[in-house]
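Once you scroll down, you'll see the structures, which are given as structure tokens.
Each of the next two complexes has chain A plus one other chain: chain B in the first, chain C in the second.
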Partner chain A sequence: MILPALAAGLGILPLGLNPYALIVLTFAYIYAAAAASWDLLAGYAGQLSFGQVAFFGIGGYTVALLAYHFPYWYWLSNPISATVIGILASVVFSVFIGASSVRMRGPYFAAVTFISVIVLQQIVIIFGDCGAQSVALPTRFDWAHKYCTGGQFGLMLPSYGAALFGDNRLTYWASLLYMIVSLASMMLVVRSRYGLYFKCIRDDEIAAQAIGINLTKYKLIAFAISAVFCSVAGSWYVLATGMVNTDMFGYGYNFLWIEMVVIGGMTTIIGTIPGALFVGIVSELLRANAAIALAVFAAIFVIVVRFLPEGILPLLRRKIGLR
Partner chain B sequence: MEVQPIVPFAAGLETVLVYAAVVGASFSLLSVGFSLMFGVAKIIDFTYIGYVVAASYLVYTFTGGTIVGGSTPFGTLPIGAALLISVVGVLPIAVFVERTLIRPMIHNATAVMMATFGMALFIQYLATLVWGPMVASVVPYFSGFITISHTVVSVQRFVVLPIGLLAIFLLVAFIAYTKLGKSIVAVSDDSDAAWLVGINVNATYTLTIVLAAGFAATAAVLTAPTVGLQPGMGWSPFTTAFIVTVLGGLGSLPGAVLASFVYAIFQNSVSVFAGPQWADAAALVFLVALLFIRPRGMFGKRAA
Partner chain C sequence: MADLLKVANLTRTFGGLVAVDNVSFDLGAGEMLGVVGPNGAGKTTLFNLLTGFLKASSGSIRFNGKDITRLEPHEISLLGISRTFQQVRYFQGMTVLETVTTPIILRKGNVKKAAAEALEAVGLKGKEDVLSKSLTYMELKSLEIARAIVTGPSLLLLDEPFGGLAREETEGIAKILKRLHEEERTAIIIEHRLGELVALVERLMVMNFGKKIADGQSKEVLDAENVIEAYVGRGWKSQ
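Entry: the complex of A and B
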């Protein structure tokens, strides 16, 4: 497997790179893990959900809000418990999404997931504005200020971020390790019996039912597993950067992950690594004007979907002659 | 989106209805095109978001708006010309999208959704580049107010109602009485059968998408002065168009029109009683309930 070689290669990098590049790569790893959870859902189980970022946001905001509002209840707000609670919350939300998928056909389901993300973002904004009188909430909701979310500008958590891991290099290595563990776990899932069922459902729902696969059960399982991995990615993001804001519920991330998966190759979990590296490097090259970077990504995305639906990885594989 | 929190809380049912009529007209303009496209080509063209954004920013530019880096060489055009150019200017985008993205992949709904989603984001990011991320305002075309049985509405806002109804009436007439219009219905019923009787199915798809873009653009330019323009302004209208299409029933234009007024009443009530920021959340609840309870919508022909 390529993974150990890649890991070793990426692990040595910090010795030669400046801290800024390390930060960029750290982000790339986290996004790769999140994007891989989407690949699991869409590439293997065939559920094209535009709502993946919801789990990321839920995982991230749970960790952030618990640490921000309940720092004294350490059993609740420490990174591990908070992540677990985030996972539970995401799984609950995934049931909603999964149920929608069972009940509705493709386009309707896609639209529902994408509107959900918009709504979640707005809800976070509505309950935001810590420390100021929130204009958005009617006064009968004043009690909610106690549990504010930081609104559009988000929260800063001084005890997380580089402080948590020690310094940028350690954060980098920790995130690299996290990504490897995450991706490896997803690959295990995908090669298991569950992966097989997911692929059956993806290829032909009716045939899958005909051979006795319980569609509802396995769809819900697919969403739940995907939600777990994405939620952990969100929690890790907050732990590694110490910040949280409504972008974590934004369709911008959603789109970036889909792009990473599409570029790297759908239905190959590790495809998200080249995908994420590509996105990370290009966005750094175009750092001067972030809007240009996004426009370029969108253009690349459209071109890749149109002409290379399998993504770049399978193309390269064939060229090199592997598999 | 177009639901503005101007309605005073204590205004009562009548005001809600008047505003709902006006808003409903703009919703129907927004949605008939989408309904047509979804019903005929059976795909969701996310670029719809882009048409709204593009048309709004075009009309902003032609009525004296600025772009990043200074003002445009166009100056300020007479209102009629600005509106016309903005609407017509969106059509080539639609044709391009249809030709290059939709038609080749029309049998793979997933790929079409992803590609057009990317296209919509591209247009949005392009708008951010050219016009900047800040909210922009379009100068109103009309000034003054009219009073409809105790309710005061600005003329700018009201004018959507007659124009919108006229446009929709023309569309319905076109579909029912012209050969092209009937070919659209034929393709939406059964595209293979339509092809067999000699209808150019590809041209029909193009026509449908152009119509959809044109109506979306019209809705956008008519309501542009009443909303702040932002690159991300297309998602709400898309949500509205989608919900109205589903509510009205796939393949039913009269259903879409009726549904837009029903939905407008719903949105306005939410705005008045809970606050405008809950509009999207309410929309989601509405859509999910609709899809769980009656996916066929009001007049849908087949199961969703």
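Entry: the complex of A and C
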């Protein structure tokens, strides 16, 4: 009920908003999808990962690097193929990290996921120094560009962003549609048998094993599924903005998503919509002073956890009777 | 009676402590065995060994002819051994219905029928949509039993089903256990309340300091001098 109503409301917004506001909202939708993937892993499966942003970066960089280095191999570098390759890379990475860390609990699991992001960010920086974002697109496949990531400055991709979708309004609608499809897919996952197994693991690992749940298997599945959705969010971010940089492997996003989930409502998936809109709009209002913004977000986080631990969405559901 | 469970020379040590010391016993299908003994006797450790939560230092466990000594807890559960815990373990964010349907979904069984029967059996019918965390302790104990019996396990392990309940609350659980007994379920029950236990099981096994010190007909076991000395005392019948 709540998702179609929200979608209809957000769908008509571009008719009355300026292009800048549309860009702010477009980012919020992409972050909502990425944050929901963290909610799936942490809220439903109880796996407190601080490395979710790794998959955002993998998805984003896969699309960007393929487009930048293989523009003439369109079968490989087109947005759909590149996104699928990003998904595969993310799943492989999630299984690699997951296999070594899902047997760990609490802070140990969080620490391993945290460190994995530092490693990826450093790899991007180390392999970045063979051209800058100002370098023109190669006219043909060029081995000199093989490992070029653009380093800390990243890459600009003129064929993506507004050039891909036409204009800001179309980018907005496409991103809104993407977010709805992404969240609806995640809702299907958490309402399937996998969602039940994830919740059992979250609530009591010993009881979960006692009823026959294979902890390692289903934790890995949760990790891989959330990696898929976050990877697609990263790919979409690059497609929608036409740029990529090491911020995509930055903790800033990870903490932003946690804030969105907590404010919107943990273990709801779609709570990330109000969460992302709130965080996105407040971020823009405080853009002039980043230090104040950080303090404000920290204060909001503490207040929500203390006085509204369920978040905005469950409160709305109770007040308006929405389901 | 064909042996469903064969435990041979089972031993588990924790450093210098021998928690389960060379314990052997068999259990036939349809049999109910009571396990008693003072705190720290190794009863729960025995359950943890049978269900794979602890691995044996030596000895073996065969279930339905298959060696399960080294299997993981979920593998043992899927083979048909269900258990409850001394301290209730439950899924607080799940409803009563979700709690009992999940084990069946995992085994691809008939969800509706089995869930309805299990909830009926433990008296939780009508509470399907209640969140587990909203239940009373007695209801949680019942739910834990429902979760264990819903898959129709070949062997049921109940760890202190009356534990933590006031005497007047035990009646509901006693009814559930009586019904399981009438259905000729195979079960091992750890319990300190001897009166309630003896009313259910014909056979008792007594443990002390990790060793099995007696195993046989309930009455004979409770009259044995070494059991009176180690555990029950002389006045237990008057309690």
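Keep in mind that, in the parts below, the second predicted complex is superposed on the first by the 290 of 323 C-alpha atoms of A that agree within 3 Å, B and C clash if a C-alpha of one lies under 4 Å from a C-alpha of the other, contacts with A are read in each partner's own complex, and residues count from 1 in each chain.
Everything that follows uses one rule, which is that a residue touches a chain if its C-beta (ideal position, glycine included) is under 8 Å from a C-beta of that chain, and two chains touch if they have at least 3 such contacts.
What you see is a predicted model, and the numbers here were worked out from it, not measured in a lab.
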Partner touching more residues of chain A, whether chain B or chain C: B
Partner chain(s) touched by A:Pro107 [first = chain B, second = chain C, both, neither]: first
Which superposed partner A:Leu286 touches (first chain B, second chain C, both, neither): neither
Chain B versus chain C as contact partner of A:Tyr197, first or second or both or neither: second
Which of chain B and chain C A:Leu308 touches, first, second, both or neither: neither
Partner chain(s) touched by A:Ile118 [first = chain B, second = chain C, both, neither]: first
Chain B versus chain C as contact partner of A:Ala207, first or second or both or neither: second
Partner chain in contact with A:Leu215 - chain B first, chain C second, else both or neither: second
Which superposed partner A:Leu88 touches (first chain B, second chain C, both, neither): neither
Residues on chain A engaged by chain B in the complex (per definition of touch): 48, 50, 100, 103-108, 110-112, 115-116, 118-119, 122-123, 125-126, 136, 138, 251, 255, 258-259, 262, 289, 291-292, 294-295, 298-299, 301-302, 305-306, 309
Chain B residues within the chain A interface of the complex: 38, 43-44, 100-101, 104-105, 109-111, 113-115, 117-119, 121-122, 125-126, 128-129, 133, 235, 239, 242, 246, 275, 277-278, 280-281, 283-284, 287-288, 291-292, 295, 304
In the complex with chain C, residue positions of chain A that touch it: 193, 196-197, 199-200, 202-204, 206-215, 267
Chain C residues touching chain A - in the complex, by the definition given at the top: 51, 53, 72-74, 77-78, 82-83, 85, 89-94, 98, 101-103, 105-107, 147-148, 151
